[in-house]
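Going in written order, the chains are labelled A, B and C, and every chain counts its residues from 1.
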Amino acid sequence: METFFFMIVAAVAVLASILVITCKNPINSALSLILTFFCLATLYVTLDAPFMAAIQVLVYAGAIMVLIVFVIMLLNVRTESGRRSSHSVLFGSLIGLFTLFQLFYLFNRSSLTGQKGTIDSALINKVGHTELIGKALYTDFLLPFEVTSILLLVAIIGAVVLTKKKI
Amino acid sequence: MLGAYLPILVLVAIAVIFGLCSLVFSSLIGQKKPSVVKLAPYECGCEPVGSARERFSVKFYIIAMLFILFDIEAVFLYPWSVLFKRLGMFGVMEMGVFIVILFVGYIYVWKKGALEWE
Amino acid sequence: MSPIALDIAIHLAKIALIFFVVLTLAAYLVFAERRILAWIQDRKGPNRVGPFGLLQPLADLIKLLTKEDFRPAGADKWLFYLAPAMAAIPAILTFAVIPFGAPLQLFGREVPLQVADLNVGLLFFLALSSIAVYGVALGGWASNSKYALLGSIRGLAQLISYELSMGLSLVPTVMLAGSLRLSDIVGAQEGIWFIVYQPLAFAIFLISIAAECKRIPFDIPEAEGELVAGFHTEYSGMRFGLFFVGEYINIIVLGGLATTFFLGGWHGPWLPPFAWFSVKTLAFAFFFIWMRGTLPRLRYDQLMHLGWKVLTPLALVNILVTGWILMLR
């Protein structure tokens, strides 16, 4: 039952992501990408990671894609103009093949999937996913967390510098 | 675990069916007498002037970018607020540092006039 | 009946109940709004269809269904069709996590009056409300009309701005309850409601949800004085109806959430829990209608200033001050 469900969701995700790169109209690409994010969120839920699922929708589908849709609306890009150059097609397929090869190589080495962490479904169901992530983030990974704020600060300044003519 | 999400899946299905049904019924039942004038975009009864495909101020763009950044900040606040009582004073301090650093960015945005609409 | 079949039956009953009650309430909220506004403005309001005009929503439904359903020339076909559904569906789904009554004892088992008691319930609500912007944005953009485009761009910027202050104002309630689960948040308010500890957060949340519902004084995306009807100018028939009903469902859902987060959910003396929840939620709906009858519309720059320069920093400071005080206690 669960495998069947996974198959459906994964198939929709793959289809939607193919649509992202084949749609001529940028807004349809953006919508397909949102659908892909929804499928990813569903997969997170089936993997006992509801916090990740919520964040996936909240940040990716609800904030980053809003920016992309907003830009498409503001610039009024209707359809893609110009053809894709053969260079980019060649380059893209090379990268795709390389990544595929890498994935196969990694999965065939059993040591990659052999080890398990200490956190499993039983623990998540007992303590809660949000609590586990929070505990790791605010005690063990305190420094990366604080550095994130500096990263966000840089991004805020960058956003202003990019869009303001006079600074 | 998954059991909790099944009812939501059912509700999603019902809501989608409801939405699509009302759209389909509306286009089936309603009468259809289109004419060129009727299908013209509304512009106070005048002939439409120019095109509705204008470009917009970059102002809106910066609002969307700042929204992403502050939204991510908010996301960091939720796990913290759940664990707040267990983390104790130490937790308040670390989140204080986090928020103060971002407040610097906020003040920068304000001082540079990115939040002004004239 | 076997336990599993009973389980499924109970769940389906709850889902059906929620769905129909919310839809009917939304339809009658439109009617109530017209009557209450008429009363505020010393008019009669709709009173012809049925006793006291009570069948007006039905008449409206028939009218909307039989209206000509046209698509303006140059509109993006699929987006124009789908945008109303994108606006209405997230509003319905949000109701899934709201506890609307105390757990019942049915057939020897405890049945929580809530479709799904997620342990990330609050984030579920925020995620859905961040998705709800697409209906407004794409509907206006697809119509190929200047008013609609202006309305949807204004609407998008307004919705994301106030989403921020709405999300931040909920952090103190989570700090007090120690959980993102909505039933835990309600449970933590058994003694004293969170509005007592967090009046500022409640005020920020209330203003933000008024803006999220696009109600006067925050109805700049559909300001009829200048933008005709904003993002749904070109919509007719049931497609317009879906936008409309979505907006009123949103009022009920956000009222219910305000009740859950700050007014103790279904807790209250004398009356049964379900009644308390309904009374509080409808009080919010009445408050929004009252606001529409009383307040003038904000200018766009004032609206953005309020969101970005007042509510967001206040919410952040409120979080830190709350943390500080709770630790000193």
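Operating definition for what follows: a contact is a pair of C-beta atoms (placed from the backbone, for glycine too) under 8 Å apart; a residue touches a chain by one contact, two chains touch by 3 or more.
The structure presented is a predicted model; accordingly, all values stated were derived computationally and were not measured.
Centroid distances built from C-alpha atoms place A farthest away from subunit B. Among the pairs A-C and B-C, the greater number of C-beta contacts is found at B-C. Chain closest to the overall centre, judged by the mean of its C-alpha atoms against the mean of all protein C-alpha atoms: B. Rounded to whole angstrom units, the spacing between the C-alpha centres of subunit B and subunit C is 14. Centre-to-centre separation of subunit A and subunit C, using mean CA positions: 28 Å.
Residue positions of subunit A touching 2 or more other chains, listed in rising order: 51, 55, 58, 62-63, 66, 70, 73-74, 128, 130.
Multi-chain contact residues, meaning those touching two or more other chains, occur in subunit B at positions 5, 53-54, 56, 60, 64, 66-67, 71, 78, 82, 91, 106.
Within subunit C, the positions touching two or more other chains are listed as 118-119, 123, 130, 149, 153, 156, 160, 180. Residues of subunit A touching subunit B in their complex: 2, 45-46, 48, 51, 55, 58-59, 62-64, 66-67, 70-71, 73-76, 78, 121, 124-125, 128, 130-131, 133-135, 137-139, 142, 145-146, 148-150, 152-153, 155-157, 159-160, 163-164, 167. Within the complex formed with subunit C, the residues of subunit A that make contact are 25, 27, 34, 50-51, 53-55, 57-58, 61-63, 66, 69-70, 73-74, 128-130.
Those residues of subunit C that touch subunit B in the complex are listed here as 11-12, 14-15, 18-19, 23, 64-74, 81-82, 84-85, 88-89, 92-93, 96, 115-119, 122-123, 130, 143-149, 153, 156-157, 160-161, 163-164, 167-168, 171-172, 174-175, 178-180, 228, 233-234, 237-239, 241-242, 300-301, 304-305, 308-309, 312-313, 316, 319-320, 323-324, 326-327. Subunit C meets subunit A in the complex at residues 76, 79, 118-120, 123-124, 126-128, 130-131, 133-134, 137-138, 141, 149, 152-153, 156, 160, 180. Those residues of subunit B that touch subunit C in the complex are listed here as 4-8, 10-12, 14-16, 18-20, 22-23, 25-27, 29-34, 36, 38-44, 48, 52-54, 56, 60, 63-64, 66-67, 70-71, 74, 77-78, 81-82, 84-85, 88-89, 91-92, 95-96, 99, 103, 106, 110, 115-118.
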